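Each in structure tokens, the structures are laid out below.
Okay, so chain A shows up in both of these, paired with chain B first and chain C after.
And then the complex of A and B:
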């Protein structure tokens, strides 16, 4: 019974913690501009993150070591350093975007300028990391993030033409008013949002924090096979809400206030209040994950003691990296850079760096030295390899598409 | 040197190139009209939300965002040099619409912050009329 409850809680946490500011922005923007014609990218992104998160969770459960630690040992310091630099920079941008996103949610609720909230949001993230246990922190914010289900309820209340939405989703391709390069650019952004690198680093480090062993492989599978796809449904609900409310009016989702409009129209004040709490929790959860991931990747690469499962004094350098990352992110957001634009850049650059994150995981998940007999099955390898080819193509195309479309303008 | 090249690569997409021909200028005018239409429609939708549907800060922030979005698009377009006499005509047609949008969004934002529901409803009608004019402009030149 205890195991069942643990699995259930894990699924809920993965479900509620799936959506972050990147998913909110990417899905609302694409829904407003392209309707549901990019829904297939969310499906591809969710399958990809399920595939690689399962591998990284399995490596951590069997070897008792997080993937970054293993990557350095298995692929050497140079390859791991390239991975570290790319992941750390993108993670830093993502953390800044999450902190900015938190401030934007607070601005929506209070009408006080978001810049006033930015320092408070950053301090709150650091205090929670410092004070709360890993498990409690993950569950409180992950499960509260489940309130984002309100986007799906609002969609249902809006009573859309479901046949039309499904038909749009089944017919990929840009609408008449849009060009192929812009369509592909947004596809890249959606993929980057769904497969953000920090998710796998956090997931595997979290497995070590929670002392997973091979007996927890079931928890790992339940989290990724059920929790992540359910989170993907939330992404689709956000996209559909924008397609129903914003697109017919020619409204593009450039601000968080526009992204919240479908819920306001569908459910009114109660829905909005729930949305505020859900967005805050989901983005806060992502801010914690990215801040910790900064510490995880650096500490694991350099062989320092890391984690919240030891006392801060024993992992002081890890905590210092986390703190410095939060302070630097705070500084970046306080330059008054638009947090939504920052989010757009972070997810697109994530897409460009995806092969650097996922190739090493595929290698390690096939090495019996780390996973014993739990190496990837042949079908997993076939799909994993196909994903790597796709991610490589996406990575090569990202920067040219960004320039060609003027960041999707 | 390499750092500068990378910086240029990332900043380049954010730049607005000058309009070199009348066609190019028209494209930019339509892009601007679409961006402002998005703000105006947002304002119209927000102004029509009843007090039971949305909190005052939400409406206020939304209108403020819409106003800033419209003002930014307007400023960029008006800074463009029209390349010929035909483009002067396009500018003369769009500029008053952009001004109207800006004014209507400002009035809606002021009404929302004062909690003046009658004025807000009036702004919603004004925004709808402006949106219709922008749509006509887009249909003509788009």
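And then the complex of A and C:
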């Protein structure tokens, strides 16, 4: 019964914690510009993150090795260092985007300029990391993030033409007003939003934090197979809301306030209040995950003690990296760079960097020295290899697409 | 000499034919006892030939279970791998390892017919280097950045692994290039303790997916930076 409850809580946490500022921005923007014609990318992204997270969680549970240990063991000190630098910088951009996103939500709720909220948001993120236990911190914000279900309820209340939404989703390709390169650029953005590397750094390190063993493989599967796809449905609800409310009126989703419009129209003020709390919690949980991931990646590459399962004084260097990353991202957001733009860059670059982390995990999930008999099944490998090819293509295409479309302008 | 010193050198036979770069070093645990670890690892053979990437990833091994296109490609690429037994080695030079005989084309494991590795065999690059070190209390204590080798006085006896080398001083060598030497320089100037630090292989308790030590990490003199960060910064924050 206790185990069942634990699994249930894990699913809820994965569900509520799935959406972050990247998903909010990418799904609302594409919904407003492309309707549902990019919905298929969300499906591909969710299947991808399910596959990726399940492998990394299984490797961590059986071998005790989180993702960046594996990267260094398999790529060697030199290549892994390049991988670390790229992963760390992209994760840093994501952290800054999440902190900026928190401040934007607070601005929406209070009408005070977001720049005033940025330092408070950063301090709050750090205090929670410093004070709360790992599982408490993960669950509080993940489960509060479930309030984002309000986006789906609002969509249902808007009573859209479901047949039309479905047929749009079933017909990929840019609408008449948009060009192919822009369409593909946003496809990359959506993929990067759904499959962000920090999710896997955090997920696999979390497995070690919570001392997973082979007995927890069930928890791993439940989290990933149920929690993530449910979270993906929320992404689709956000996209559909924008497609129904924003697109016909020619409103773009450049600001969080516009992204909140579908809920405001569908459910009014109460809905909006619930949305704000849900967004805050979901983004907060992502801010915690990215801040911790900054420490996880560096410490795992260098072999330092890391983790919240020991007191901060026992993992001093890890906590120093986390603290410095939070302060630096605070500095970046305070330059008045647009947090939404920052988010766009972070998700697109995340997509480009995916093979760096995905490839070593795919190899090791097939290695009995790491996972004993729990190697990938044949179907997993077929899908896993297809994703390797896909991610490589995306990685090569991303930068040219970025330049060609002037970052989706 | 350190183990990583072998990696990347070319093997040349007596006729001067280049047999390819060394990708890994196979160790067998039958050397003289060291500390509480017992029998030490000694070098059995050098694995060389073809491109290194698949060996580094472990994709050349039969036990790897897929995905099929990767294993198929890399097993093909690495079909030409050779394992040169230690008794074939004439000299270890700056750039090359020279063999004492001429290797007939097609010979895969020269010199090992009378000395097949048995028992505890590891590929050092794949299974020891870059692994996490865990101390006796389960705390993380660094990475295996390199391994220190001790050569025997007897001729033709292979060297054995006597210590784990760790810290930026060793890591910088592994990273190599201008960046590596820069890291080494900077660390050499700021570090208070000698770097790289060496941990005797005699206190290794177990080798799994990590290397487990029989002592607490604070007894090893390797926690200088961690201690510095703790006393100067982290322990000053309430609730640490």
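Operating definition for what follows: the second predicted complex is superposed on the first by the 409 of 409 C-alpha atoms of A that agree within 3 Å, B and C clash if a C-alpha of one lies under 4 Å from a C-alpha of the other, contacts with A are read in each partner's own complex, and residues count from 1 in each chain.
Note that a residue touches a chain if its C-beta (ideal position, glycine included) is under 8 Å from a C-beta of that chain, and two chains touch if they have at least 3 such contacts.
This structure is a prediction, so every number in the text was calculated from the model and none was measured.
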When chain B and chain C are modelled together on chain A, clash or fit: fit
Touching partner for A:152 - first (chain B), second (chain C), both, neither: neither
Which superposed partner A:277 touches (first chain B, second chain C, both, neither): neither
Touching partner for A:334 - first (chain B), second (chain C), both, neither: neither
Partner chain in contact with A:132 - chain B first, chain C second, else both or neither: neither
Partner chain(s) touched by A:390 [first = chain B, second = chain C, both, neither]: neither
Chain B versus chain C, judged by how many residues of chain A each one touches: C
First (chain B), second (chain C), both or neither touched by A:76: second
Which of chain B and chain C A:260 touches, first, second, both or neither: first
First, second, both or neither for A:367, with chain B first and chain C second: second
After fitting on chain A: smallest Cα gap, chain B-chain C, Å: 16
Chain B to chain A touching residues, read off their complex: 9-10, 12-14, 31, 34-35, 37-38, 41-42, 44-46, 49, 52-58, 60-62, 65-66, 69, 135
Chain B contact footprint on chain A (complex, rising order): 107-111, 245, 249-252, 254-255, 257-258, 260-261, 264-265, 268-269, 272-273, 345, 399, 402-403, 405-407, 409
Touching residues on chain A, where the partner in the complex is chain C: 63-65, 69, 72-78, 80-81, 130-131, 299, 302-306, 310-314, 316-317, 319-320, 360, 362-363, 366-370, 375-376, 378, 381-382, 384-385, 388
Chain C to chain A touching residues, read off their complex: 56-59, 63-71, 125, 127, 129-133, 139-143, 145, 166, 171, 174-177, 179-180, 209-210, 225-226, 229-230, 233-235, 237, 239-240
